[in-house]
Structure formats: C-alpha cells, structure tokens
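One chain, chain A, appears in both complexes that follow, with chain B as partner in the first and chain C in the second.
Let's look at the complex of A and B:
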C-alpha cells in the first residue's frame, strides 16, 4: 500500500501526491513527515511541479521520445514562471527537474547572446542592444 | 533576478553556456561579472563537457594570392565536415616578437595554449594563452640558459596539477657541457607554476636520458610524458607526476625500436596513452605505427592499433600524425618528400578500417592541429594581459 503525501503551498492549498511521485524529491525523501509545507511557493507553481512528478513517476523510461516532448513543452513557459519553478524544484531537490529548467534558462540566454553569423570571439564590451535584451530576462 | 537564486543554481545555468555568451554576460551587470570571474565558477564551467573543438595553427594564403600569406589560428568543430567554429585574433605577437618568426603550439590544457618560441633558435620565450577570452601570461626567463649553463637541448610539457589547482610548464634540459660524473645523467628539469609566476629548478631528472630535439609531449593521468633517448641509445617514455614532482620510466612496446620521429599522444576519448612512431625501412619506405597502452605503465599492455600501409608512389609519402579526434580517428599530414609542397594533404584516418578521408583546410599549410575545449581559465588571474 503506497503512502500518500500532502504538499501545502504558501497560499494554503494542499496537493495529494502518491509515494512514487513524491519520492522524486530528495527533500520529501528525507522528511520524517508525510505533510510538507513548501514555503514561498504558490499553488499555481506547486501544482505544476506535482504534475511533473506525476508524469515522471508513471513513465519508467525517461529517454522515451514522448516524455522528452512533454518535458520540452513543460519548460516552455514565460521566464517569470520559469524562475519560480526553479525555486520550487530547488527547494524540493528534484534534480532532474532542476536540470531541465536550468538548461531552458541557459538556452534562452544563448539565444539572446549568440549571434547567428559570428566568426570571432567578442571582446569584453558588449553591445547596447544585447545588454537591454539580457536585462529583460531579469539580470 | 539571477542573483536571487542560490549560487549553485546561477552557476549551474551559466556553466552551460559557451564562452561567446559568457563574455557578453560579463558586461551586463556587476553581479553577473563577479559570478563569471569567480575561480569556483571557472572550474564548474570547465568540468561541464562543452563542444569538442580543434585548434588549427596554419599559414594561409590571403584572399588574393598576390597578397602573400598570413599566420592564422582557427577553431574548428570536431565533426565530419570540419566546420569552422571561430577565427582567433592573436595580438600577443605584436607585443613579443618571436625570433623564430612565429610561436609553436607546444601544449594545450583546459583551454589554455602554451606557446613556445623555439622552432630553430631557443628564444626561451613562452606564453600561456587563452584565445577565447584573449588573455595571456608571458613566462619569465627560465633558469637553465645558454649563458648560465652552456649549450643544451630542451623540451617542454604543459599540464594541470589537480592537488594544488595550478597549471605548470615543465622544461627538460639536456646539458652538453658536463664534467665526467654528470655525463651519465645529463638531463635536468625545471618547473614553472602559474600560481607563483616563477620557475623552480628540480635538479637532475635522476634517470639517464637525453633530449635530442623538441617533441610534442602528452599530458595524461596527471603526468606529462615525453619520448626520450636513454643514454645507451634505446628509447623510453619519461613521465613526470605533477603532484609528487617525481620522474618515472615507462617502457616502450616490447621488441620495438622507435624511429627518430616518435611521439606520445592521448586517445580521443582521453582514456589511454598512445604512441605514434614512424620510420623508414631499408628501402626507404615510410611506415606509421600507432600503439595504445591499455593499462597505464604496464609494458605488456601496449597494443598496436594499426600499421599504416605505405602511402604514395613507392611508399615515399611521409605520414605525420597530428592528434586523435574524439571519434577515435587520427589526423595525419601526408607530405611528399624532397620538394616543397604548397598544399599538404590533411587526412582523417580511421585506424580500424584504414580508410582515410581528405580534410579541406583551404590552401593552408598546417603547423599544428590539436584537440581543444573552451574555458574561462585566466579570467581570474590578475596579471594576465589582454591580447
């Protein structure tokens, strides 16, 4: 009989999570209680993290093409949501989710800083427009 | 906002980026600059596997042949198409004029290139250079010089000491003016440390050996390796452990005698020490043997990967190996003897099938071709000059 964990968001919403999904989180794994409050993470974000865990618990083979596509869609969110997801996944210590999210942020920065036709290394004085673009990413 | 993340996360994100992106990020904000210049971050970035590249040092014809040639450094992707990744603008030779006309790529480690001005004359001038962030450190004059010790032959090696987190250049010097008791052990050594910025003598190597010429070394398993001549005219591989600073002898494959042109290397996957040896038989036909040492320091484990069949008419074409590729293939130059070839043939050899594919290097004479990975090393070194 697998246990059910209760995750509570900072705005007091509770999510019930099956053991297999919950134990993807190292924080939950090392917790003595099955009721965990996740501080600073609202329901909207916590719900998404739970959704990711459920999806990954049910699929054994993470190299499966379908799950890769699902993951790619999952991280295609706007940067504010992305940054909040990172905070949540980091608190809950879900390594693979953190990896996917940080890779996504990395790709976004690459897109804003790599020019398509560029055959020499830039010097340490960046162009104004790149500065503006990076600032818009929240730097 | 990126500075609101824990350090681990911002390091994680930034360590995934190639150098071109990180350079741009340094100008955006002070917090970003300080993350990227941080020594811990530089090592985190280095540990992550980035794209395998190749550093090509060559002499090329300018756009119009009538304009003569120019010396070029370029990075290429290590893929079948050998795509150009980036040109490198090298300005240090405007500050330091090499007496040999150009520097030689003497070694590469963690994105740092060790350059030496020793092609023919020994200028005793060395540079540690990171071409992607355009920073360089000029080494001070070494201890064993013509003025202090008389005529010599030397050979350098470059590697990383993981215990002290320090890059080191090791110089082997075979002295010619020796009194009797030293004649048995004519080779001495000294080491330069990037951390201290100075050379330190190691005294005698302790094993009877001689350097006859500058040969490429191999940095593998925390040790720098050179092919050296034993005083009794056989060869062996001299290994220097950067951590314990001790020398050791590694025997060459049983039953072989290395030709004058023998050199050590490392296989493309970084797992084994390799040995290239090319030689002519009594009919002056050139052969190339490639050996791999399956178990480090075990002479019996030397395994011959390939004996390259004679190339060209009457086997007169000399195959000169450059380096292994990540795929396990080997870059070779095929050079016809006795007359000046304007265009060399650069090929990629598959040692398993013996198949060779031409590599188009666009009318260039290739001086050296080595495996390369980008890094930020030297960004946190105060006295590194911009170039």
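Let's look at the complex of A and C:
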C-alpha cells in the first residue's frame, strides 16, 4: 500500500500526494513525517508542483516525446510564476523540476525576453573591455 | 574669507576677488554636507544658472593662473560628483535587482551555467549582482567562443579559461561556417575559406592596446597556452576541445595544447594548418583517454603525412576510440586498416573526401576481427573509392559480417571508381542485386548512395549514352570487366598496379600480407557472386 503524503501551503491549503509522486522530492524523502509544511509557497504554486510530480510519477519513461511536450508547456508560464516555482522546487529539492525551470530562465535570458530592468540596465564597468569587446562583436 | 564660505547662499558674490578660496577643511561633517546639499539645490535653478555663475566668478579673477586653477578645480569637482552619482546609481540598481530578481545566488548561478558563453557575458555586463553570479567557475564549464567571422582574440580566450579554472570541461574556438550540418557525416566542408570579404574594421579600438595592430583581433598561435601551466591548470580536466579554422595555429602550439590536456575525450580539428601525423602522434602521446577524433584537413587531400608507425602507436596508446573521422587527407588503405583493426571499440568512421583509399581496407573486417563493431561507415566523395570494393562490402554484409552496421554512405559527386581508368571511367549507379538483398536482409541498415545523373560532368570529354540512369539501375548484360578474372587473381598480389591514381601499389607491409592469407577462400566464394553481378559502368564506346 502506498502512503499518502500531505503537503501544506503557506496559506493553509493541503494537497494529498501519492507516495510515488511525493518521493520525487528529496526533502519529502528525507522527512520523517508524511505531513510537510512548505513555507513561503502559496497554494497556487504548490498545486502546480504537485501536478508536475503526479505527471512524472505516472510515466516511467522521461524520454517520451509526449512528456517532453507536456514539460515544455508546463514551464511556459509567466516569469513571475516561474520564479516562484523555482523557489518551491528548490525547497522541495526536486532536481529535475529545478533543472527544467532554470533551463527555461536561461532560454529567456538568451532570447532576451526576460522582463527585468537589469537586463537592459548596463551599469557595471568591471572588466569593461572584455564585455565591450564581446558586445561590440555582436557576440 | 572664512565667513564667505559659511554663507552658502551668497556664493555668487565674492567680496575678496583676489583671494583664492580655501577648501572648507575646518568645517565639521554636518556643515560640509549642508554645503554640498545647498550646492545641489543650486543646480535646480533655471538652466545655465551655474554656467553664468561660474563665468562671473571666473571673470572676477584677475590673474591667468587663478583662472586656470579655478577651471581645473571645477573640472575636478565635476568629475568627482559625476563618479559619486554613478556609483550610487549602480548601488541602487543592484538593490533594485536583488529585490526584483527573485532567485538566490546559487540558483542564479545555476541558471547562468546553462547559458551559452555569449549570453553569459551579456548577463555579466548588466549589473554587479549578475556579474558576481556570472563569475562563478561553473558558468564557464563549457566555453563556446566560435564565431562566424574572426573576432575573438587571445585575451578573451584567456579570460574565459581563467574564469573556468578547474571547472573547465569543454572549449570550442575559432571560425565556423554558418548553416546546418547534418548529424551523420555532413559532406559540407567545414573549412572556412572566405576570408577576404570579411570586414574587421570595426575593431580599431584594439589598436590602442595591441602591438600588432588590427590583427590582434584574430587568435594567434598561443591562444591555447592558458590551458597549460603549473599543476591544477585548466587543461588538466578538459574533456572536449573543438578548434575551427584558426589560421595562425601551427603544429608546435597545437601539440603543446594537447600536452596540457591528458583527460581529453573529444577532439575536433577543422581547417587548421597542422600535419595529420604530428597531431596524431601528439594525441597518442598525451591523450590516452580519447574516444572521439574528428580531423578535417585544410589542404584537401595534399596532407600525405600519415605513416604506419604513427597509426600503430595511436591504436596502442588510445584503446578507447569509438569515433574516428579523417576527412580530406591522403590516406592509404593499409594504414587505414591498421586503425580500423586496431581500435577495438570503434563504432563510427568517416573518411569522406579522402584521397587514395579504394575501400580495400574494408575487406574481411566485419566478422570477428577489429571492425566488427562498426555501426556507421561514411565514405562520401572519396575519389578513389572503387565500386568493386563497395560490392565486396555489400556481399560481406549479406554473409553476416558487420552485424551492427546501421549506416553506410558511399555517395560521390563524381561517381565511384571502376577497375579501369579511375579518372575517366566512373560508375554512377549501383546495380540492384546485392543492394536490394542487403536492404531486405537488414531493414535497419540505411545506405546512402547519391551519385550524379548522367551528363553532370561538364568538363569531361566522355561520350555519354543517351539512356538516362538512376540510382538503382536495371540489370543489363554482363560487363567484360567482371568476366575478366584478373580482378580476383590480383587478390594475392597488389591489385592496384594499374591504378596509379590511388597510389596504393606500395602497400606491401606486414598487415597487408596478413589479410591476404585469410582472403583466399573468400576470393573463391566471392568470384561466383561477383560473376553474377551486373556492373553498369560508363566507358568509352
């Protein structure tokens, strides 16, 4: 019989997760209790993380094309949500989810679609020559 | 005089014009701050107020020296204030960033480690927080400084390598031809040849620093020297090194770089002016863990340097090679044979655009000697590749050899060489028989045999039949070539005497003799099969 884990969000909502899905999280794995409170993570975000875990517990073969497409959809969220997901996944130590999410952020940096002031705010001058050289190369 | 300075609001008036103003060193901090604050308030006045004020003050000074001093002072203060403003702006931006950027440094570093080198440098240039994260060595584990035109210079390479330190795993450097390359044996030459039209004039700022003028924007021969050095050098853990079209790289500097990389697993060299033999010797001396070797010559068939002892040494010292590509060199069958038989784990070979090899190196390979693990064999555009050897290979496949073969590419822009005159008598198609049987017996085997259709030889003076040919042609009458048993008698002796084009007639060393002995029985069996073959060759009428 597989155990059922209870994950509680910071706004007091509880999610029930099957063992297979829950054990994708190292934090849960090394926890002595089946009831885990996830601080600083709201229900909306925790729910999505649970969704990811459930999906990945189902399909064994992570190289499957369908799951890859599902994953791609999953990470195509608003930047705001994306960062919160990373924080949650990082706390729960779900390596693969963290990898996928950080890859997405990397892709956004590459595509320069990251909406932050800092990406267009060139204020730093350290090793300017190297930076300028690379930038002037169109590099 | 002191009282003047204590009345900030009357800075526009000077009761004692001949006296120089003394800096308010005696003022305490709060008063000094108040002074500056008031001055900053001053600047909110209508436009040009400070100008006019300054000019009035200047005019009120009589001596030239006084005026010069005042101007210098103004410039100096202006600069100090400017820097202070910039610093504060940066600090504020960083603070804003650390609020707006929701990831802690370790996750930021993780994100950055997934970026390509170019994006990483952009990120590093945006703000100090990003810069700090982007300086983490793990971000530089895979350095890719390849560009489409020559741009990167030694300093950039050196900086990146030093940032990586012990985390360095792969380094790609040089000038690459843009465009897609197929994954399996691209026939598109990677050697970059268009140099003159490149506009490198926008890098003139380099001139100020360099002693070599504009050319310092190009990589020089010592660009890889940061890999070496004392113990713990970055090259020690380097696993992958890809170099493309670095004009100034020479044998000595490349061998020096290889000597610094004992952990190298994947080496790709395209369009470097280095000698194949020397490079392979250096690899066999230094890189015993090597698994993938990809060399493309800059000299299109003129590099004839490879010698048997070098081959023997290479297979002895580097037993882990699984992928071997030597493109555009002059290779002889017996030397290639040493390599193929010697590398016990060899799965992938690509000898595209090679000169001299006829394909005889593939004889008697696929059963239980070395070569039986071969999965991919690519021999595109090998001028001297003989159609007879291809048929021999196909028959070997039919009889159960090369069990793991899944991809064979013998396409050739000029067709295949026949037994006759290798230059004028080319074959542009393979006959159905062994080919069809092979494809039926081995459904997972992909065979690429793209040849030009007839009439594509614009500058040849051959007589062409009017009948068009396709890739798989219909059997017609037996050609006189196959009924002539000389092809098989010549098994036991060098079969290339008449074929001076390939230069294999001097292949009389030990390994060749060995193969001959075991091939006699095959020769008998092969003769029957080959007699049945339909060979469609172009020839003089």
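Quick notes on this structure:
Here is the rule we go by: the second predicted complex is superposed on the first by the 112 of 139 C-alpha atoms of A that agree within 3 Å, B and C clash if a C-alpha of one lies under 4 Å from a C-alpha of the other, contacts with A are read in each partner's own complex, and residues count from 1 in each chain.
Operating definition for what follows: contacts are C-beta pairs under 8 Å (C-beta built on N, C-alpha and C of every residue); 3 or more make two chains touch, one makes a residue touch a chain.
Being a predicted model, the structure only gives us computed values, none of them experimental.
Residue contacts after overlaying the shared chain place A:4 against neither chain B nor chain C. Within the superposed three-chain model, A:110 lies in touch with chain B and with chain C [touch as defined at top]. Touch criterion not met for A:81: it reaches neither chain B nor chain C.
In the superposed model, A:102 lies in contact with both chain B and chain C.
Once the two complexes are laid over each other on the shared chain, residue contacts for A:72 go to neither chain B nor chain C.
Residues 83, 86-87, 90, 98, 102-103, 105-106, 109-110, 118-124, 126, 130-131, 134-135, 139 of chain A lie in contact with chain B in one complex and with chain C in the other. Against chain B, the residues of chain A that register as touching in their complex are 83, 86-87, 90, 98, 102-103, 105-106, 109-110, 113-114, 118-126, 130-131, 134-135, 138-139. If you check the complex, the residues on chain C that touch chain A are 86, 89-90, 93-94, 96-97, 100-103, 107, 110-112, 114-116, 118-119, 121-131, 147, 151-153, 155-156, 159, 202-203, 205-206, 209.
Listed in rising order, the residues of chain B touching chain A in the complex are 1-2, 5-6, 8-9, 12-14, 16-21, 23-29, 32, 84, 86-89, 131-134. On the side of chain A, the complex with chain C involves touching residues 83-84, 86-87, 90, 98, 102-103, 105-106, 109-110, 116-124, 126-127, 129-137, 139.
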